[in-house]
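Presented below are the structures under discussion, each in the form of structure tokens.
One chain, chain A, appears in both complexes that follow, with chain B as partner in the first and chain C in the second.
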Partner chain A sequence: MRVTQGCFSFLPDLTDDQIRRQVQYCLDKGWAVNIEFTDDPHPRNTYWEMWGLPMFDLRDAAGIMKELADCRRVYGDRYIRLSGFDSSHGWESVRISFIVNRPAHEGGFRLDRQEAAGRNIRYSTRAYAAQRPEGERYQS
Partner chain B sequence: MAHSNLQAVPDAPHEPAPSSVDLRREFEAVDVDSILAQLDRELIGLVPVKTRIREIASLLLVERIRRKMSLASTYPTLHMSFTGNPGTGKTTVALRMADILHRLGFVRRGHVINVTRDDLVGQYIGHTAPKTKEILKKAMGGVLFIDEAYYLYRPENERDYGQEAIEILLQVMESQREDLVVILAGYSDRMERFFRSNPGFRSRIAHHVDFPDYTDAELLAIADMMLAEQNYRFSQDARDAFVRYIALRKGQPLFSNARSIRNALDRIRLRQANRLVSDLDRVLTSDDLTSIEAGDILASRVFSGRSDAPVRQP
Partner chain C sequence: MKHESITVRGKERYKSGVMEYKRMGYYEPDYEPKDTDVIALFRVTPQDGVDPIEACAAVAGESSTATWTVVWTDRLTAAEKYRAKCYRVDPVPNSPGSYFASIAYDLDLFEPGSIANLSASIIGNVFGFKPLKALRLEDMRLPVAYVKTFQGPATGIVVERERLDKFGRPLLGATVKPKLGLSGRNYGRVVYEALKGGLDFTKDDENINSQPFMHWRERFLYCMEAVNRAQAATGEVKGTYLNVTAATMEDMYERADFARELGSNVVMIDLVIGYTAIQSMAKWARRNDMILHLHRAGHSTYTRQRNHGISFRVIAKWMRLAGVDHIHAGTVVGKLEGDPNTTRGYYDVCREDFNPAKLEHGIFFDQHWASLNKLMPVASGGIHAGQMHQLLDLLGEDVVLQFGGGTIGHPRGIQAGATANRVALEAMILARNEGRDYVHEGPEILAKAALSCTPLREALEVWKDVTFNYESTDSPDFVPTPSLAV
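Take a look at the complex of A and B:
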């Protein structure tokens, strides 16, 4: 099951050239671009691990594409996303975020139904991948 | 918000390579001439440097056309070294060079990141590589100007972290040639020693530009220009005094060409203001405010055989 979130979630995966242009768009707007990765695909898992520090004061996408390549070399079997942080007054928040890397095989989610009082049912989703310990989830 | 970020970006269609190119139109399209003219206007003297920059600009223009006609496949090495004494205009020329490279499309953004050893080399193990990479990332798409580059290499300390920065620099200079241009700058003799002990640098640098010292007449012209920019001018006596000042100052230690002239002018303006304020009862004309008299210059300590340090004059 293909996990989608953030911008462009309705599009096929971006090519490197398209990623570069999106990054350049962020930089032209003055946003700091961050690289984050995780191997827990749950939609409520908001805080991913950061690859290095947020990259402030960059002018050209080449530096970020280099970092992304390095991140893929180490964590190519996990989800990687880019986010653009707008530090200007009044925003001070992430303005764009999109997935740039995903595992070769995405196991999908199991739906748990729990019977609660009064014939109520509580639903929760659990990624099959998350059954394995962190770091081994997408190793084949 | 997703909509505003979503732009249709069709891939550029592959145009067939043209078989002939109008050189004049190419030349005017990139408008390098205006930068070269600006260089001529802003920088006095430096004829060999200007000639070299002109040559490099021509080379890049031809290279650009060759690429258009699919005759050149490899990316040219553009890293440079600027050698010369302090105050001879290395930084200014580096800024113009970035402009030229940008207009000709050899760097994408055309900004200049000006760094020294402190910005590249860390203070403890494992500090240098992230620091150097950070700077390199910032310089991507532009020009990285490393002032006094020879300080990166400290042969007397074999565990100096400078070596690590050098290795990262060399690697990026080779593998990401289309992403950034590195300009090394410093005194001629020490740069020469630096290149001798780091042959990797010499072979990766395509253009060596040597900045000569200014002659006395050029320094006077520079002073005139600096004053004119701030709406001041020398009186005839003052000019004669300044000619003598230049001759004397040149013989003293720590003379740094145009920079020394600028500092001297700052102090002369100070003395002129002091002179004007000392007599509060007179009516000033704009002529009084713009003209610098011989006395303002002759009060300098240079004339009494001491060095002209930036301290308050009585």
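Take a look at the complex of A and C:
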């Protein structure tokens, strides 16, 4: 399966050149670019680990691409996403977010059903990978 | 049209009998509206032979304190404060016999936080007043002091995006079709296919409530199976607007509570349930962390004709105050009424914190929203993947694009239809962000994306010639209406 979170998951994986152009778009808008990674892609796992702080003062796409390359070197077996953060009044949140790195094999999710009263079902979604301890989930 | 005040003052004003509205204090051309006044702009078409100033003063009178004759009991009140004042009358451009009347109302005339009270005054008796041929409420300026008495959208655009973890692109939806007749089990199939294929939301139609072919609990249970399956298959948050519209508030609360119990992140209501019921559901939604989708069922009965009724921009303002999170606001290019400039005005009302007066978009007043949550417009009705560049250009990024037929009617099935729409959207966003002239290069961008996406190629082929090019019945008065070349 392919996790389809983020803005561009239905397109072929972005090349570094395409990623750089999206980073430039964020910088031109005055947004801070943030790099995050995780090995728990649950749809409601909001807080991926941050690769340092959001780069509020870095205004150069090349610098961000270098950070991304460094992050990939360490966590290349995991999901990595880039996001653009807009601190202006009335938004003060993420403006764009997209995946830039995936594990070699995406194991997907198991849907558990617990039969409850009447015909109700309690659902829970579990990433197969998350059964293993953090850090060991996508190692072959 | 500038005139002197002809208000009768003192003892003479209260002599028993009938007096013209314009002489009773409802026409005050020198009045300067206060920052705290509610202002309404009406299009007034008097009966033949009726003085336009008198007609406009009558609208002010009948929508505030007046009755058909002088009453002495006015003297028990601070009557001058409570009288609405028509302070300006202008002929409508290119429309002989019609006049724009600007009328100011003191804030004390209105109950805080109540659309029912506001509308009972402004669109109450006055719309049936015999001396008028027709009357239309075009726009309102709501003072910040009044805006602040409303909850506003239960969730708002920003928090909705945070909850869904979806940023940087329009959301994608589809209304389940056929509108009527599917069983719960079959209905859930459509939901699952559409969500798994790449849509963010599916939607009940306005008249799907609880009928013999599918009672509401069946629908809710199968839909939530579909939503959860699709979430697990994609790793993405999904939702389906469960329509809780019902005959009574008790029924609606019961349905909404069941939706929450099942883990739905959104419920839906129809405009026909009424303003009070809408405000109740908005409070329920805020209490229960639920997105509230509003379908504007019925609005065209009074919004569509230019000479009589209410402009949809006023309904949009009221709904932002009332507290819904989504509102259908037009597509421009689709099958339903929507002039591009007028529609732009509606979208601005939903999404901006400040609307400057812009006559060419039908916005007559500066409107401050005082950080009230933003309302996500929904574009639905006769749109398809081949229009993606136009939709993005005309409607922007904070919008739900709903492709019902344009998903379910795909020759290779619903999943393929959903994937076609999602790929078209992502390709267009990517191109726009890269700085390309996506409006003009749109067809080329789509064709290129279709090279690696067969469903998109098929969608573009099936719907390549579909357009809805008809003259609009509700365009702004201040610019020539551009015809939309598609």
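The rule is simple: the second predicted complex is superposed on the first by the 139 of 140 C-alpha atoms of A that agree within 3 Å, B and C clash if a C-alpha of one lies under 4 Å from a C-alpha of the other, contacts with A are read in each partner's own complex, and residues count from 1 in each chain.
As a working rule, contacts are C-beta pairs under 8 Å (C-beta built on N, C-alpha and C of every residue); 3 or more make two chains touch, one makes a residue touch a chain.
Everything numeric in this text was worked out from a predicted model, so none of it was measured.
Visitor: Touch check for A:K66: first (chain B), second (chain C), both, or neither?
Guide: Only chain B; A:K66 stays clear of chain C.
Visitor: Who wins on chain A residues touched, chain B or chain C?
Guide: C
Visitor: Which holds for A:C7: it touches chain B only (first), chain C only (second), both, or neither?
Guide: Both partners.
Visitor: Counting only touches as set out at the top, which of chain B and chain C does A:E115 meet: first, second, both, neither?
Guide: In the superposition, A:E115 touches no partner, neither chain B nor chain C.
Visitor: Going by the contact rule set out at the top, does A:Q18 touch chain B (first), chain C (second), both, or neither?
Guide: In the superposition, A:Q18 touches chain B and chain C alike.
Visitor: For A:R95, is the partner it touches chain B (first), chain C (second), both, or none of the two (neither)?
Guide: both
Visitor: Check the residue A:M55 against both partner chains and state whether it touches chain B (first), chain C (second), both, or neither.
Guide: first
Visitor: Can you list the residues of chain A that touch chain B in one structure and chain C in the other?
Guide: Shared contact residues on chain A (touching chain B in one complex, chain C in the other): 7-8, 18, 21-22, 25, 95-96.
Visitor: Which positions of chain A touch chain B when the two form their complex?
Guide: For this pair, the touching residues of chain A are 7-8, 17-18, 21-22, 25, 52, 55, 57-64, 66-67, 95-96.
Visitor: Please give the residue numbers of chain C that touch chain A in the complex, ascending.
Guide: 158, 161-162, 165, 167-169, 198, 221, 224-225, 228-229, 231-237, 261-263, 353, 371, 374, 419, 422-423, 426-427, 429-430, 433-435, 449, 452
Visitor: Which residues of chain B touch chain A once you look at their complex with the stated criterion?
Guide: Where chain B meets chain A, its residues are 1-2, 5-7, 9, 11, 108-109, 111, 130, 136-138, 140-142, 176, 179-180.
Visitor: Could you list, by residue number, the parts of chain A that touch chain C in their complex?
Guide: Against chain C, the touching part of chain A is residues 1, 3-5, 7-12, 14, 18, 21-22, 25, 41-44, 46, 83-84, 89-98, 108-111, 119-121, 123, 125, 127.
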